[in-house]
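Step one of this worksheet: look at the structure below.
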């Protein structure tokens, strides 16, 4: 498919480093799928849909910075949604979110809550004002917070909350996790049964449609077979250890 | 579409010059549509489907002769059905058939009769044993016969039957006509209201799918806009006067 | 709003009927003009009547069409009445012509009366004619020059994409005095019947047209626009108004539509109205989008 | 029943993974081999690490795909471990390599250990590499010769269809000592975003692959089979078993599958079983249909 022209209707600054960009086009998605966002003349990058008509961008480099410089009525090109989203199952689910990992998890929380599923979210960020979509997760269910500097909630990584007595991971039917890879690796290596956890992965995407192989983890295409994978599939793979740069060179995560 | 491989299952010699070739593949059609019949290595020619799984071939030249030389289990390539078939309407219909023009009209007669329409057929041929599908038309309704040499029925052209008192063309809701072009021209030029008559035309087909224009009558594509046309559409055209040969040169009908 | 001028011809819209489609008779050309074409090109006309290749001459594939008609035509000696009849529809009628060498081309152009000539040096499946000439810049230049001397009408040269670099033959046409180039003719292609091993076309191989070749055609137009001073007419795989916009943005002054006429005889008026609506919505004119991709 | 031998390599079936698809990592090559490929070709490997072109690098069109990856690769210095890992799947691993001249090609071929080399002289969108070399028969011959001197492994040359006559470069490869040719790489193409006038690919233009180019590829294979003595490997637009039959009938000893892997990762095993069933039904062997169209 060619990029769909999506005209920007509104910006919402969510945190000092993340901004939600709303557009005039709605995309039906399974939360966890992604779209390719084309900033014309700059680059095209993968993004979760944080709403059916919005992406939430964390400023990371050239393309994401260019997204911050757009104005209302400017347009971006959107292809997708692509890939496999989260499979929602169980009556009682846990979300583990780190940083901008909240972008695909917030619509998941809302969809699950609206079908009567009990949703608990462990929400982490580097500091209080970087906590993303706190309100949306609260509306959907219970929220536990961790910040690296302790400015809100538990001080430390969001995964540390698992060690607390607050959360008994075993009592959840399904667990959904998105955030920085080292954080997700901690979850995979924890005592939680890996079959129970669905991880939404990030890799360097080129084609985004399962052809080129740039995004592979041990042969699994993150763009097409993922980006959501069950933990057992990721065990004993490069996940959490190595990734590939734009040239395909192995680099440490 | 690519040619479908149709394996020949049976031959029926209908008359000294026509043979029905049955194959193992069924094509759903509106009677009056045509298929392109590919005799590999020889030529591809347009043919009516005389049954859902058969064509009835009159030996005319190279390709039709090649069709007569095939054996059971040989195969031909079939593309189609293409074009617009007869529109069946009314309670009381008249078919006017000349020679191998019976090929598209016989399935029409059967389909009409089976939906309770009263079918009368004027069936013509050069002589008695060249009368095609007499039985099929009789099963469907009343049949009036004419032969050029008078060996059966009225002596003369099938159109002469219109002058008889036997047939009052005006009392039919719709009239369907297929045969040699001069015969069809007579029907068009008769006193019958042209809006009432549907003619199935023959022209030299190349592409068969409405692109090349080889089959045009005053801009009408016989292969795509036809091969069935209402009489009023054909009034004051080249129909019955000129046709085009393989080079596109005008030749007298 | 869609009016365009190309090599002196005024067109009510930039959409022309491509050569070889509905182009053998005055009646069919007239019909296409009445169906909304801004101009019509005839079937390619040669020196002698030619029946072309045996059937199958055309097959629809999953992406596009393959054809090898073999340039059937009644010859230039018989063709003038068809052009004259086509003229009654009130749009320019362009004669597509072919030959084995410059002298055949000039004889035909000298004898025929048409609003412009399109030189078919690009048919991929007619031995001795067509692409065998059209891949050689020197021949293209020579033939163009000869035809320019034989007629006062504008001369367009239709190019083949079956070359390493289409700007070489485009520049040769320009050097020969062409008023415009047309890109592209069909891509060489072949289809085989797997039930029998027979090539499907009577001529064994043929030319690929239709939607699948559009990206190739757009790239050719893009390159020719950069390299040439004369206008480029785009052709290849157009089946909707979006395709026309893409060609014009790539650098086409006008476009031609061929295969897609088969499934939609009203394609010219359909595209015209959608194109107008698109331009209005965008507050653009045809001139605004002409060659737009080169400014970016 | 599907076993084939090509330039000394034994294949369990004639279906190979094409270069540039799932070919950057040992893991992905291994997966494709386990999914049923008879052999796998690596991403094209060059002298230095290369990130390739900016995104968008690939877009799916109505007929086929357009891509301009820009030959991203980690360089031959880092690539041997990926090949070694891929070898664990038990099928031949062919290294696709590219360079600016004969000496770059030979350096890489001399340093890499693989079951065969495929010389990519045909990428249509990598400046200085690829098709700029591959349209010049003298360069093709020279590079082939140099690589043959640098390695004992079989050498295949992958040809571009963006030429007037592909048999000229095919013959050049043969003269240079190639053990087989592969036809075809992508067709030059372009797509434009009509909302903005921007070319859709980051590199502006790219290469067309997928179903739409199959008739072009089949014709190239047909012509090469007629002209050359060395075997031809077909590639371009294969998405089903019927396509494979068509290529083999045209004269391909084996085939490669690229774009279609995206939508069907199991395409190799799917095609293998259908191909076997077809051959059984027809009482044919692969040898029976090999080049069949030429006997008709």
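As written, the chains take the letters A, B, C and D, and residue 1 is the first residue of each chain.
Rule of thumb we're sticking to: a contact is a pair of C-beta atoms (placed from the backbone, for glycine too) under 8 Å apart; a residue touches a chain by one contact, two chains touch by 3 or more.
Here the structure is a predicted model, which means the values were calculated and not measured.
Engineer: What does the chain connectivity look like after leaving out subunit C?
Structural biologist: A, D | B
Engineer: Tell me, please, which chain's centre (mean of its C-alpha atoms) is farthest from the centre of subunit B?
Structural biologist: A
Engineer: Which integer distance in Å separates the CA centroid of subunit A from that of subunit D?
Structural biologist: The answer is 36 Å.
Engineer: For subunit A and subunit B, what's the span in angstrom between their mean Cα positions?
Structural biologist: Centre separation, subunit A to subunit B: 66 Å.
Engineer: Measure off the straight-line distance from the CA centroid of subunit C to the CA centroid of subunit D, and report it in whole Å.
Structural biologist: 33
Engineer: Which whole number of Å gives the spacing of the CA centres of subunit A and subunit C?
Structural biologist: 51
Engineer: Counting only residues that touch at least 2 other chains, which ones in subunit A make the list?
Structural biologist: Counting only residues that touch two or more other chains, subunit A contributes 41.
Engineer: Send over the residues of subunit D in touch with two or more other chains.
Structural biologist: Each of 61, 191, 196, 198, 296 in subunit D touches at least two other chains.
Engineer: Considering only which chains touch which, how would you classify the arrangement: line, ring, star, complete or other?
Structural biologist: line
Engineer: Output every touching chain pair, sorted by label.
Structural biologist: Once each pair is checked, the touching ones are A-D, B-C, C-D.
Engineer: In their complex, what parts of subunit B are in touch with subunit C?
Structural biologist: 1-3, 5, 36, 38, 40-45, 75, 77, 79, 205-214, 216-221, 224-225, 238, 244-250
Engineer: Touching residues of subunit D toward subunit C in the complex: what are they?
Structural biologist: Subunit D residues touching subunit C: 61-64, 66, 135, 162-165, 187-192, 194, 196-199, 205, 208, 211-216, 218-219, 222, 242, 245-246, 249-250, 278, 289, 292-293, 295-296.
Engineer: Within their complex, state which residues of subunit C touch subunit B.
Structural biologist: So the residues of subunit C touching subunit B come out as 20-25, 27-32, 43, 49-52, 54-61, 65, 67, 69, 72-75, 78, 191, 193, 195-196, 198, 200, 202, 258-259, 261-263, 265.
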